[in-house]
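Going in written order, the chains are labelled A, B, C and D, and every chain counts its residues from 1.
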Amino acid sequence: MDFALSEEQEMFRGYLRKYLDDAGQTKLAREYSKGKTDELRKTLQGLSALGATGINIPEEYGGLELGTLDLVPVFEEMGRTLLPGCYLETMGFAVPLIKKYGTKAQKEKYLPEIAAGTRSITLGVIEPKTDFSPNAIQCYARKEGDDLVLNGTKTLIPDGDIVDTYLLLVRTEEGSGKTGLSFVFVDHPDGAQMQLQKCIDESKHLAELTFEEITIPKERQLGEEGQGWSILEEGLLYLNAALSSMMVGGMEKVVDMATEYAKIREQFGQPIGRFQAIKHRIVDMKLELETARSLSYYANWALESEEQEREATIYSARSFATNAFIEVASHNIQIHGGIGFSEEIDCHLFLKRARYYESYLGSVNYYNEQIASGLGW
Amino acid sequence: MDFTITKNEEAFRLELRSWLEENLPPGWLDGNKELPKEKEAYSQFLRDWQRKLYEGGWAAIAWPKEYGGRDATLMEEIIYHQEMVRIDAPPLINYIGIHMVGPTLIQSGTEEQKEKHIQKILTGEEVWCQGYSEPNAGSDLAAIQTNAVKEGDKWIINGQKVWTSFGQFADKCFLLARTSYDREKKHRGITAFLLDMHQPGVETKPIIQMDGKQEFNEVYLTDAIASDADIVGELDKGWRVMIALMLHERTGIGAELFTLEKRFNDLVEMAKEHEVNGQPLLKDSFIRQKMAGLYARVRGSLLNYYRNLTITLKQGHPGAESSIDKLVVSELTKEMAAFAMSIQGHQGVLWKENALIDTRWQENFLASFGQTIGGGTSEVQRNTIGERLLGLPKDLGR
Amino acid sequence: MDFALSEEQEMFRGYLRKYLDDAGQTKLAREYSKGKTDELRKTLQGLSALGATGINIPEEYGGLELGTLDLVPVFEEMGRTLLPGCYLETMGFAVPLIKKYGTKAQKEKYLPEIAAGTRSITLGVIEPKTDFSPNAIQCYARKEGDDLVLNGTKTLIPDGDIVDTYLLLVRTEEGSGKTGLSFVFVDHPDGAQMQLQKCIDESKHLAELTFEEITIPKERQLGEEGQGWSILEEGLLYLNAALSSMMVGGMEKVVDMATEYAKIREQFGQPIGRFQAIKHRIVDMKLELETARSLSYYANWALESEEQEREATIYSARSFATNAFIEVASHNIQIHGGIGFSEEIDCHLFLKRARYYESYLGSVNYYNEQIASGLGW
Amino acid sequence: MDFTITKNEEAFRLELRSWLEENLPPGWLDGNKELPKEKEAYSQFLRDWQRKLYEGGWAAIAWPKEYGGRDATLMEEIIYHQEMVRIDAPPLINYIGIHMVGPTLIQSGTEEQKEKHIQKILTGEEVWCQGYSEPNAGSDLAAIQTNAVKEGDKWIINGQKVWTSFGQFADKCFLLARTSYDREKKHRGITAFLLDMHQPGVETKPIIQMDGKQEFNEVYLTDAIASDADIVGELDKGWRVMIALMLHERTGIGAELFTLEKRFNDLVEMAKEHEVNGQPLLKDSFIRQKMAGLYARVRGSLLNYYRNLTITLKQGHPGAESSIDKLVVSELTKEMAAFAMSIQGHQGVLWKENALIDTRWQENFLASFGQTIGGGTSEVQRNTIGERLLGLPKDLGR
């Protein structure tokens, strides 16, 4: 029995934390909200130099060939500083799918650049004014010889403006439902029209991409034709395990903030942490954090195991952390009082991020239902 | 038990309603409810509105007729709020002057103070703010450190106030400053001053809120000046003046409750219109359950208010029971907005001009964090209710 | 605007409280759990002498001909002392239905005796191992000449052992669904077999009645044949308004208990009510109580009004009070600590009563759904 | 991260499992798990079971071999609890002796005390209880008033204990009594005595619980007698002996967590079997949502425990983190039982022999109120976690 990150993983976390502390913690997210990305790019390169972008990439493609658990410290530390960018989607979705379904050519094209930190990949699944379901996917890729011709619109694409490649779920056969869906790579200069979208979490940039007769070669298709939805479901296991770690990182920072503030802020001649209304609430926040952490560790471990209840395990981490993150971030504002309501203090950044993730590729109810069906209920 | 409205009350409602129809800013009733973005234009727009209310006799209905009011009954005030909420009337820029400072001066101001301020409060020539909270005196308001020292016939005031609403527009400030210090009873030795904001010693700086708005200010006082004539009530007894002042704002919470009710109805509409998986949200059994629960709580909080109002009507002043209204409405507002956002699903993250669904929910959600903090945090409210209404022992340090 | 009980109603409450205090408050419920009913019968007769059993009965039948709001103080005070018996079902269900649907003979038979406190009526709707729905009603009343011949079983009948008459919902035509259901009166000696059932709330006696070829005259039918379900729905409006008042009475006592105990119980040299964990929880209990009370007052008022949202109004009082009662009763035990866990102190009696009512003729989810459909959602 | 079990651990599990199969009371594994109702028979049944465990070498596996234990590792203790929970083994009547008093005496008892008690604890000849709480010392345990006065070579003990589990069966009591009084530090001046329960000065009276059970007792001490030889540790330093004693019970919370997990699985089964409106409860979308949430939390609390266990395994003693386990398991147990009752609908009120569905849920629900109070209320647990794990300031009055 050893249910903890290894010493090496914790040591790696130490390097990352130091590095991101030096980079100013949430400073990068705040600058990114204002459209400034220079510092961010530098920091991402630095993280890459530390090895963060090569962890789950095979050695033959320039990676470190480590396991999914080795990614956990990175996700947590990034969550802690709300670091902008598509590390989540790149390492937590695209890489495992490329490894599993990619052709040799695709692996050679994408993996080395990802490992080197020179390429990041985001996800385009959602379409305008629709829900998260197979029927909602109507973006159509018509076959013409060796090409696919794309028409349609993808929306809510995370950080679509700073990313290099889009992994899109499109319909390669007309119709509805899960059949006839396929994943394709679209590289940045492929000619789609991009429109930025404002997000309640301003340290997230969202983009809408409109395709009008955009031609890409057929070898950009990832995995078997028509298997897009089941590839998505496989990818969502990785993505949600990763996302739960990211949220745990954010929660940890939030609980730290509340605890530290309650020790130093005095009212009525007492540090407010002496009042049980504050003290007990922070304890409850801590319980939420620790439970989310345990679930997320186990979810990331389950990815590479034969765990019977793999789906339920991973989705329960996602579902629990989603609610818990919103809750602790909300309490943190209340505990900070007036200053917590100001833009100046970071409290609100975490709340907005928590709400951004709330329904990211599936609501809490959706994932609860996945848990239930995953357990055969 | 009687929920009927008297003929006089109904006539009052109709009179106000027809006045509003004629006098609201152009296009308002057709849905053009945008306020100017720029600060000066915003201020001017609202001052114009206040002036119009004054001219129509609707600026301060609860004031005595001799001071330009209507001697409105409590029920008329309630009806007034209901009507204003119903048509989303423009905000009252001189809310503090009309609902708090004015009545306080009428009750306990000197003749000179009345002469100097009352009329200008009514017209909106004098917009007021309150100077209470300080960086180290939030929930613990009695801990204020801003001090006023007498030099010759002037009071020299130094310190810093924070969370001053309307401070960016205000001409005058109802300020609490320390004029002496009692170690045991910190709330003694505080004096209430009527401070002129347009003087060199007063500097305001907006606070940017988590929802991007700037409704509050820091006010820096550096040798700001007031005179003896600017003191309200007695020297060192400003705490009780402030308590009396807050009691004058007897129906403000009603407006918040009517707003809550209105928002709940909006939420129902949204849940009818917005579809997921090809059916309106309101057809989802999970959402129906939650919404039914919210319906009960919104209804219940409004009914609580009417019950407390009945007590006020019968005994002439509010009972301790009414302390629950603020806690309930602020917490419920927050919870409802959070829920409204959740059911919007992934589209709910779209913001401002990119939003697909009305983003008032998102705005309300973010703003609601101010409601459970400002005007006494929910924690302070719970202490107050526990101690005043239930008679539980006083808290640590108080 | 006058949203309060009248002075007369409050004065009446005063008499009732004094009377029930003198009768030993929960003592009667405790004795009833042990099967002792002598004191209880005396007390019920005393309440009747005070006028409690005649409030909503017309003067011509010996009642006081007052309104439903005049019943509120009685329900609340009975809820406060957990007074056993079928006052709820008699005054809050049978009486309004008899007034509305009863034949002259039925009125003459039942109303005067109810007013005099010599007859109480309970309800038999539920059948064994079924849910609360029209299809579950299978108890069958076969027509034979001027008689009905009953076969079937009714279960969970409140206080079936001390009651005089049962108002039963039975099927008068074979089939399923809402059609073909009718209400019939069965008087105690009508020959059914009774079996007592243990209830988690031991101050409630439950009974199961089994009918095997039991003949009753057809004039025992209440209201139009086949209209039983809609008569039930009408009756449930009255019953649930009344029940919400009953629960408010219980909640009030619970909040009083918690408040008083928190003032006198000392730990760490402080009355425990000084600790915010206790103080704030009691405040939240008080908020639940006051909200439930407002909803219940309005529900009882709405019964006799043209209130548009009559169903939603009444069912929201029921639904809210149900959850709130369980919640405050649970907190009350925790606030009392060890002693709250003992049988000796009344805390648990209120929790058990709250749980008894939880799914009484419809669960919270059922009533929430009724609110939604009542509002046209 | 490694969830594999070593070969030794697996062998341990199999050895225990096969011993249990052969030695459990007749019919136990076939589902006949009724315990005698009558007190004497109940006590005898459980003493027999304890004796059997002793004879098989399974009574006190964590004790050193020289004292009759197995020197079990922490993981073996965990496996032991898992197996016992799996087959709902009969309760350990000498739980206190085996898990607390025994290890304490082994660590810091005198040779005479070891000689006198250790073997009898093992065999169940001496059943133990603890005398801690008093009517005015619940959460504030240091406020105990039971006092011990030296007369000649005897200590004369007077006072009242309450919530003494196993008191009705116990032969011996690990008793805290006041031997001196320090106004500032109330936990000083308390001494730990090994008290004989079979003496005239000791009277026990069962407490009837809200769930009808009688698991706790009041213990009245009227000139009860102990000797110097019965003192554990030093005079006036019983507080630290008690703390050490509680730390010896290092895996008890694990058993509660395994029980929680087992109950959750039972709940799933009930929701599969029980139907409403013609379909199993588990097919209702509202119930699925709630159950998925419970699944996550039950899983999470168990995983927290394993994480804390890992820390204990690595550093040799539990970390402050482990203080969260008790709070989580007790609150979650209560919530789960409440939910299980709710979904039973109206049939859930049927009780005892009239129940249609297994009433363990109802029993668990009622019993769960004891869990969030006994062994430190949830409020005390939150204080402890806040202060020890998070370093928040000490509470009022402590």
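Everything below uses one rule, namely that a residue touches a chain if its C-beta (ideal position, glycine included) is under 8 Å from a C-beta of that chain, and two chains touch if they have at least 3 such contacts.
By chain, with names taken from UniProt: A, C = Acyl-CoA/acyl-ACP dehydrogenase; B, D = Acyl-CoA dehydrogenase family protein.
None of the values given here were measured: they were computed from a predicted structure.
Peer 1: Going by average Cα coordinates, which chain is farthest removed from chain D?
Peer 2: B
Peer 1: Roughly how many whole angstrom separate the Cα centroids of chain A and chain D?
Peer 2: 43
Peer 1: At what distance in angstrom does the C-alpha mean of chain D lie from that of chain B?
Peer 2: For chain B versus chain D, the centre distance works out to 54 Å.
Peer 1: Go ahead and note the Å separation of the Cα centroids belonging to chain A and chain B.
Peer 2: Inter-chain centre distance comes to 40 Å.
Peer 1: On chain A, where are the residues touching two or more other chains?
Peer 2: 270, 274-277, 280, 365
Peer 1: Multi-chain contacts only, two chains or more: what residues does chain D have there?
Peer 2: Residues 285-286, 289, 379, 382, 395-396 of chain D touch two or more partner chains.
Peer 1: Draw the chains as points, connect those that touch, then say whether the picture is a line, ring, star, complete or other.
Peer 2: Here the contact pattern is complete, since every chain touches every other one.
Peer 1: For a test of understanding, state which residues of chain B touch chain A in their complex under the given definition.
Peer 2: Result: residues 133, 136, 138-140, 143, 162-163, 207-210, 212, 276-278, 286, 338, 341-342, 344-356, 362, 365-366, 369-370, 372-374, 377-379, 382, 395-398 of chain B touch chain A.
Peer 1: Which bits of chain A are touching chain C when the two form their complex?
Peer 2: Residues 275-277, 280.
Peer 1: Touching residues of chain A toward chain B in the complex: what are they?
Peer 2: Going through chain A, the ones touching chain B are 126, 128-129, 131-133, 135, 156, 197-202, 204, 206, 266-270, 274-275, 277-278, 326, 330, 333-334, 337-338, 340-344, 347-348, 351, 355-356, 358-361, 363-365.
Peer 1: For a test of understanding, state which residues of chain D touch chain B in their complex under the given definition.
Peer 2: That would be residues 285-286, 289, 396 of chain D.
Peer 1: Within their complex, state which residues of chain C touch chain B.
Peer 2: 1-6, 69, 259, 262-263, 270-271, 273-274, 276, 279-280, 282-284, 286-287, 290-295, 297-298, 301, 312-313, 316-317, 319-320, 365, 367-369, 371-372, 375, 377
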